[in-house]
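I've put the structures underneath this note.
Consider the two complexes below, in which subunit A is the common component and subunit B and subunit C are the respective partners.
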Partner chain A sequence: MDMPKIRVKLLAPDAEHDSYHVHLPTYTMVAGSLQPTIPDKTHANGVYPNAELTPAEKARLTVEVEVPTDECDEKGKLDIAKIRKKYHGQPRWDKPDVLSDV
Partner chain B sequence: MGFAPRGGATARKEWYDRNPAVRFLQYSADGAAPHTDTERWNYTIPTGKKAFAEASELEIVRATAASAAGLVMCRVNYRPSGGIPYRLLTLRMRTNGVGDARLIQLGHSVTLLAGDALYGYTADQSTGGTMDYTETVKITEFDA
Partner chain C sequence: MPLTPLKTRQAHEKHPQTLSLSSIGYNSPHDPMLRAQYTVPSNKKAIVSGLHIQIIRTEQPTGLNVVRAWIDLPQGTVNYVVHWNLMDGTSFSAAPAAYIILNPSETVQFWSSDWSQGGIVWYVMIATIMEVDS
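After this line comes the complex of A and B, so read on.
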């Protein structure tokens, strides 16, 4: 299946997630796509163990991901309406701000 | 006395005949440096669908030696709709020989309902060195 590739935020662990993650219902991370590389803190495939990133550094982290075609518009960008319809009634994804952390 | 025919015009189709769609969740990285726990893929069952996770392969291989080997992990979690995540498959390795490997190849049938999700993760707590990762789950999704 040919899936659109987009660059999105890589989110730091939080109350709900104990790992770095992407806030999308379905995606696959592209290996080697993490940006930016911060010496001794991040590299192309992740954040070094025990690295202490500042809030500003965490906010800059992005990765490339593949997402399902039926969650994107004709230009290959994420489509809120399509995502909400596909996951209709699911509290985590059927909400107006579903892409606010993406 | 007669027997009622099996099925009939209103019989429900088998799951594999209800608009089945194959989904592959796959993360593959060679020569990855140590990293803290990172989600590599995620798959949520759409509303109105169900799915079977039918096969999985997880593999980790040490590509270059670490100066201090730590725990290397590759795992798949399952999160039921509205619930908390549970660990489904896990590979762990603490050895430091180049070519050291761990592998799971599994055929199975995990039933997934709308809102359930699968997640793939990797982590390497070593200092230095690199690892190769493959993390794949094959799913068939169909109309509920």
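After this line comes the complex of A and C, so read on.
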């Protein structure tokens, strides 16, 4: 059985991360799933290292990820309650708006 | 203590204990993408027992194809590995000298990049993680 695949926001480097990343505790990016392709800046598998994206371009980036089965409901959608229970007490993941950047 | 398979490993039915992490190189030593991350559940511990790179295809002759792989742990970076002379269908493992134990809530990040000169190496990165009750 495959892990649930979902399309989520690809977040740009920030104060906490020096890389493009996804705001989920456990994930694996699906190869070739980055959208959209922006000439000389992004391609299906990532962002070119020296690319300088505008804020609007960064806001459009999405990628498909595989996530743990026990963090999703029966339909394969992320389940906030399951995530909070699995990562209970972890400030970054055990909060009501845990999926706000997803 | 019995080992229990990680739920996310169901992508590999024949190897249910394996968390598979795919990544594709594009001729850059500085991949700005965090392609895979694992966080230990609050009531578990986890064991990182290996990191494996499987070369799918290369564009250049042997000797020019280089892939680097490493793991970032709370304690720092380990398993810094660079392999040359990669050919289609070959693979290498970056297993640690000893199993790495992760405590509840710790996060581990898996990285790899293509250091080849001129061509692209397509590869799949596979990390092996086991969860245990804490």
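Note that the second predicted complex is superposed on the first by the 101 of 102 C-alpha atoms of A that agree within 3 Å, B and C clash if a C-alpha of one lies under 4 Å from a C-alpha of the other, contacts with A are read in each partner's own complex, and residues count from 1 in each chain.
Heads up, the rule we're going with is that a residue touches a chain if its C-beta (ideal position, glycine included) is under 8 Å from a C-beta of that chain, and two chains touch if they have at least 3 such contacts.
Note that the structure is a prediction, hence the values are computed from the model and not measured.
S.K.: Looking at the overlay on subunit A, is there a clash between subunit B and subunit C, or do the two fit?
M.R.: On the shared subunit A, the partners clash.
S.K.: State whether A:V67 touches subunit B only (first), subunit C only (second), both chains, or neither.
M.R.: Once the two structures are laid over each other on A, A:V67 reaches subunit C alone.
S.K.: May I ask you to decide whether A:M3 touches subunit B, subunit C, both, or neither, giving the answer as first, second, both or neither?
M.R.: second
S.K.: Answer with first, second, both or neither: which of subunit B and subunit C does A:N45 touch in the superposed model?
M.R.: both
S.K.: Using the superposition on chain A as set up above, list the residues of subunit A that contact both subunit B and subunit C.
M.R.: 1, 13, 17, 19-22, 24-29, 31-32, 43, 45-49, 86-90, 93
S.K.: Across the complex, what residues on subunit A touch subunit B?
M.R.: Within the complex, subunit A contacts subunit B at residues 1, 13, 17-22, 24-29, 31-32, 43-51, 86-93.
S.K.: Okay, in this complex, where on subunit A does subunit C touch?
M.R.: 1-3, 13, 17, 19-22, 24-32, 43, 45-49, 66-70, 86-90, 93-94
S.K.: Touching subunit A in the complex: which residues of subunit C?
M.R.: 6-8, 10-11, 13, 19-24, 26, 28, 30-39, 41-43, 105, 107
S.K.: Show me the residue ranges of subunit B that touch subunit A in the complex, using the header's touch definition.
M.R.: Those in contact with subunit A are residues 22-30, 32-44, 46-48, 70, 81-82, 114-115, 117, 121-126.
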